[in-house]
Amino acid sequence: MAHSSPYASLTRTRASRVAGLVALGLAVLLLVLPAFASRGLIQDLFFILTMLTLAQFWNLLAGYGGLVSIGQQAFVGIGAYALFGTVILAGIDPVPALLLSGLAALLLAIPTAYFAFRLQGAYFAISTWVIAEVVRLSVAQWKSVGGGTGTSLPRSATGSMWFTQAIETLFDVRSAAARDILAYWLAVLLAVATIGGLYWLLRTRRGLALAAVRDTMDAARSVGVDAGRMKWLVFLVSAFGTGLTGGLIYLQKARISPDAAFSVTDWTAYVIFIVVIGGIGTIEGPIIGIIVFYALQTLLADYGSWYLMVLGLIGIAVMLFAPRGLWGLFSDRTGIELFPVRRRLTGGLLSHPHHPESKDHG
Amino acid sequence: MALLETRNLTARYGDFQALFGVDIVLEAGETISIIGANGAGKTTLMRSICGLLANQPDSIRFDGRAIGRLAADEIMAMGIAMVPEGRKLFASLSVEENLLVGRYGRAIAGHWSLETVYGLFPILKERRHSPATALSGGQQQMVAIGRALMSNPRVLLCDEISLGLAPVVIRDIYRAVPEIKAAGASLIVVEQDIGQALRVADRVYCMMEGRVTLSGTPAEFSREAIHDAYFGAAA
Amino acid sequence: QGAKIKLGYVSPQSGPLAAFAEADNFILSNFASLDIAKNFEVIVKDSQSNPNRAAEVAKGLIVDDKIDLMLVASTPETTNPVATTCEAEGVPVISTVAPWQPYFIGQQGNPGDPGSWKPFDYSFHFFWGLEDVISVFTAMWAQLETNKSVGGLFPNDGDGNAWGDPNVGFPPVLSSKGYTLTDPGRYQNLTDDFSAQINAFKQGNVEIVTGVPIPPDFTTFWTQAKQQGFNPKAASIGKAILFPQAVEALGSTGNNLSSEVWWSPSHPFKSSINGMSAGDVAAAYTAATGKQWTQPIGFVHALFELAVDAMGRTSDTSDPDQIAEAIAAAQLQSIVGRIAFDGAGLPPFAQTNVSKTPLVGGQWRLKEGGGYDLVIVENTDQPSIPTGGTMQPLG
Amino acid sequence: MLALDTVSKSFGALTVADGVTFAVPRGQALGIIGPNGAGKSTLFNLITGNLAPDAGRIELMGRDVTRMPAMRRCLAGIGRSFQIPQPFSRLTVFENLMVAASFGRDMSEAAVVDSCAGILERTGLIAKANTVSGSLSLLDRKRLELARALATDPQLLLLDEIAGGLTEGECRSLVETISAIHAGGVTIIWIEHVLHALNSVVERLLVLNFGRVIAIGAPGEIMASREVQEIYLGIDI
Amino acid sequence: MIWFDTILQGVLLGGLYALFAAGLSLVFGVMRLVNLAHGDFIVAAAYLILLMVTMTGMSPFLAVLIAAPAMFAFGWALQTFMLNRVIGDDVLPPLLVTFGLSVVLQNVLLESFSADSQRLPSGPISTASLNLGGINLGVMPLLTFGSAVVVIIALNQIFYRTALGRAFRATSDDPSTASLMGIRPAGIFAIATGIAFVIVTIAALYLGMRSSFDPNIGPARLIYAFEAVIIGGLGSFWGTLAGGVIIGVAQTLGSAVNPEWQILAGHVAFLLVLLVRPRGLFPRAVD
């Protein structure tokens, strides 16, 4: 059979090209926003972006790596404490100290993975939770950052943070607002880098391997995929990212305590809700999820316990009736994917129009 | 009226259709066997009858009732028991417990009880307290048959009970068939072992690719016809 | 008239600390019914007993609602994140219902290094301190015949670490007053077994127990102590037996447990905004809700008194620095006593930000037919607050 | 190419490989037959490293691979199909091959597109290239098993019952495909119940029963053996 | 002597944890369901008992007898109408649904009963103790431990000696083959959850009498219960008791060294056991 044209592998779709342009525009918009947006908006966006980043990393872990962890608060907390520890005790500027947040989480992830990878499924999930508790209880013994009481970032450290002076003069704002803008910009960078990085990872052959390992581990091994290494990669990357985000969140909060920094509700449960409501295993899902989550919080937060009740009920309902989440519902109906990772074979015999089956089923 | 019959039975696994309009009939007191190559759809047929796969209500009738939509436990309670392909013993239950669990959904009195099953397969009585999975393949198959008998079924479905067994063992197992029939059950036996199938059955159906390609009494089956029906025409 | 003055108020209305905020609605509606309230708009936020959430709602109040003054009450878990946020934002904040040490020291970068502690520009706090509670407790114990051996029950949380602190907490003061302290160490909240502590207390011949556990932990401890035959003569406990329901949960074994009393209907103080006496306010609360009075009522009320007072002395109520100055200059006779940031009774580092309110000691007495009353039994430091009895040993 | 020396494996009380010893020279095609449950697929799992043997030694091209993990053995040149097809069900057919080709050969994706497409053409799957493999019919899944194994560019190809259920025509074209692969110098071990298909490709036949090698030799001889007919076909001739 | 006492107290504490864990162990063993709301259901049952006690003035022990059937029905319904829809190979859906339940339940309790700590009135028995050669053992902890043993024995009897128990194990091994035996897996799961809820009620009794409770204390105990189940080994009830005792003793020993290490020691013991035996102490032969 003669080749009518050479074969090629394509991932892009029309929707994705549009989405790419929109995303670029959005990123630029987000970056220049502080010039004209209110501080309230900036702060809300900070919350949205950091939660989105946490959600994307959990999504990478559970949705792509099949590692359902309920102990992500360990990495948020250790990242935050690494920041406070280095700023308070070593006097390092908070901005570069953020890197240490990620590194500390990475270091913690190594023994955690070594241990938890011995276990499967529900055992794995629960052991991550126990490890997070162990870390929380241990950090609560660390007296020089306040032990169980917690501590606040000294004003001397936050006041003179890198870039804040420049931002103050640039936007003509007070230093509190300048710190917000700095934290916000860092959050924008982190979220964009996370989504971009995740998308890049999924489009490399490692992304394919992840999907393969998740579908069937045995077969993946038999075609040369190092399933163990993929799990490590995913676990360490999400630990690093989660730790970094944890540091950033607490840089902005400026006050920390073990119960807050290692809160299973705030840093794992909400994140899981966000991912699952939006749609697990897709990059779009957490984005939809965070919008729903934020809307709920804004609408209902003043009703105290009702807010949490509604959130719980929505989580249950999604799991029961739309296990692939809101984005799953939408994309099943419309076939639209904003971040396509499917490789489509084109050209060659497939360019003949008389192949009825050759249309894309994905 | 036939005891059990399928009419234009179709079955699918998701997008994949495994049966295309299968008609078989089982009269009371009869033994029929179903043969066919790997993947012909024999197991799928059995799973449809016993309710593990949902079908059109009317495509399977038992004792005059449409049972195609009923769940497996309901069908079992009506008196259709199955010896599943691959034995499927409960690994955490002992031999005796496996037998006892067989009458969970239909504990009616009849010929079959622990004693009579042990009478049929004496070796099981010796091993009754060992975990079912510690038995040899043949013994496990005996447990699987005994387990199905415990409910005193009116129809017994046997899916490849000689699978993976040594010929001697197979002979032992098939030696039980007359007693099972005598106790009042009708049988559907799925076999890849054609000799065995022909020996035990009153009538034989041969399946290929989800369709019945041949049926009749054993006497009507020639080696060539079977060979064709089994491996495809031109082999 | 100009725009209304915006007050933000954060308290734990739901979650484990919700009992502290039980009277909030009562106090807020009382406040709203006043004439003076016409000048104010109060925006209330629930911290859900979650420090993360407390910081978030504080930010929201400052940034979105553009409040002029923040009020916050109840436990360091609520006051500290809110005060830290306000301080960073340059918004004045008044807090209460947390001993000043966990409030002040808990917000310092390195709580272990007093040399590094700095005062705040916009944060003000009125409540008592550990030195007061130590003084009240020891005075209560002095009323009894004991061997002066004290057992400490200090959890690893904001309050527990402050109470057990070797520099500013109980240990140094107790030893200087001739008491020996058995302190087995900081335990985590929601511990299910206290036999280690009980064994240590037995070994140390402890006759007096003190500490600041959360209610379920104290119930566990107290029940286990009884089971294991540990029967001290006095138990003076902070936090856990603050509310009558928590004492009732102890059944009859709650009788004569003692506690610090920061506010009661018999406190001889009057509200500066509506003239009601402490007794009137407590009675009104019971009439409105059918519930027994609790101590936070007075302090939450006083929070609004101080806000009204300070704003009344501020010419530009949108200028945070002026408001902070006005608060710092307060000389207010409130329903919880005199509030003034003049440094009275405080170490130099805390003098600008903290005002101390009076503290006495009380005992829970089992009523005929169930329920408990809090009876003031010790007032050496505050003779103006009348006692209702004398300290009795535990049965 | 491959040599097994007294390899044994049991699952609890069940011995599924019992002192299995045989060798396959480079370029040969070996058929394995035996009744259900004889341990044929288990033998494959031992060779590929999906299972670890309890005892014995496995050599691949003169190297001891007994303890080598499956993924390294793939890189060392073993490709396999699974009896019960295990497609990466959320990936398309083409992507299934891309995983195998890029990891199994450790090459970039771009470099293997054409060879994947070529394999899809050869195995008759090209029209389904962009179909999600979870929705394939069993026949196509079996084709995919073969195609994916080929994509790793194996020197030793293990095929587990890929002809069962094919029509005569399909079976013939499958035989052609495998013969062509074999002619290309690939060593093949093929488990199959469809004897006529098997016999038209392999040069040697191994009979397995209860985990033991009963006979190994030229197909004609083996098929003529009464014992084998008795055990395997169950037909008294 | 003190060490002996410490260990003994730890063993008794382990009884409480085993009681928390027993229901979880049953549900986990039969259908691999990880119920993150288990702790909150115990708290809810405690409120149910409290409600009956305060409304009628009956003894909590009597109230349990009445509450247990109601809780059985509730568990049955919960499984039938909600949880049966999410159990399967994927651990995430049940994890999420039960977590959602946990959040909802805590807040429903908060709305209905406020955050005040409550306690089941138990009278003088709560502080009574037996003196055995210098060691005081509380009657209540002894009763708790005894109840845990009774519950474990009862579960073992049901699980290993009755037709229902055979059906539990058969369904756990292979639901679809079990249905060929006339067993309706969904129905079996519902009964298992119902029984688990009866145990939840018993656990609630001791939780409520031992100490005070409020709507939020469920999750803190849940983690110990999970640890007990996991280190005991899937489906082994005596293992669950052993697991509870290990956690309990580790906690009291840790606390005897330094109270800071009490809870930490329990978790570390859990991790250590799993490090040595990833499938728990008494795993079922097949899985």
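We call the chains A, B, C, D and E, going by the order they appear; numbering starts again at 1 in every chain.
Note that in this section contacts are C-beta pairs under 8 Å (C-beta built on N, C-alpha and C of every residue); 3 or more make two chains touch, one makes a residue touch a chain.
Model, not experiment: these values are computed from the prediction.
Undergrad: Just to be sure I understand: going only through chains that touch, what's the smallest number of steps from subunit C to subunit D?
TA: Counted as steps through touching chains, the separation is 2.
Undergrad: So which chains count as neighbours of both subunit D and subunit E?
TA: Chains in contact with subunit D as well as subunit E: A, B.
Undergrad: So, comparing C-alpha centroids, which chain is the farthest one from subunit A?
TA: Computed centres place B farthest from subunit A.
Undergrad: A-D versus B-E: which interface comes out with more C-beta contact pairs?
TA: A-D
Undergrad: In whole angstrom, what separates the CA-based centres of subunit A and subunit E?
TA: 34
Undergrad: Please report how many Å separate the Cα centroid of subunit B from that of subunit D, as a whole number.
TA: 31
Undergrad: Whole-Å distance, subunit B centre to subunit C centre, using C-alpha means?
TA: Centre separation, subunit B to subunit C: 77 Å.
Undergrad: What residues in subunit E touch two or more of the other chains?
TA: 107, 110, 260, 263
Undergrad: For subunit C, what residues touch not just one other chain but two or more?
TA: Within subunit C, the residues that touch at least two other chains are 14, 156, 186, 188.
Undergrad: Which subunit D residues reach two or more other chains?
TA: If we look for residues of subunit D contacting two or more partner chains, we find 135.
Undergrad: Which of the chains are touching one another, listed as pairs?
TA: Pairs of chains that touch one another: A-C, A-D, A-E, B-D, B-E, C-E.
Undergrad: Which of the residues in subunit C come into contact with subunit E in the complex?
TA: Residues of subunit C touching subunit E: 14-19, 22, 49, 156, 184-188, 190-193, 195-197, 199, 203, 215-217, 219-220, 223-224, 226-229, 243, 245-246, 249-251, 253.
Undergrad: In their shared complex, at which residues does subunit E touch subunit A?
TA: Where subunit E meets subunit A, its residues are 28, 32, 34, 82, 85-86, 91-93, 95-97, 99-104, 106-108, 110-111, 219, 223, 226-227, 230, 260, 263-264, 267-268, 270-271, 274-275, 278.
Undergrad: How about subunit A: which of its residues touch subunit E in the complex?
TA: Touching subunit E from subunit A are residues 62, 68, 70, 115, 118-119, 121-123, 125-127, 129-131, 133-134, 137-138, 141, 264-265, 269, 272-273, 276, 280, 305-306, 308-309, 311-313, 315-316, 319-320, 323.
Undergrad: Using the touch definition from the top, list the residues of subunit D that touch subunit B in their complex.
TA: 12-14, 35-38, 135-138, 161, 164-165, 167-168, 171, 193-194, 196, 210, 230-231, 234-236
Undergrad: Provide the residue numbers of subunit B that touch subunit E in the complex, in ascending order.
TA: Residues 50-52, 71-73, 76-77, 81-82, 84, 88, 90-93, 97, 100-106, 131, 133, 147-148, 151.
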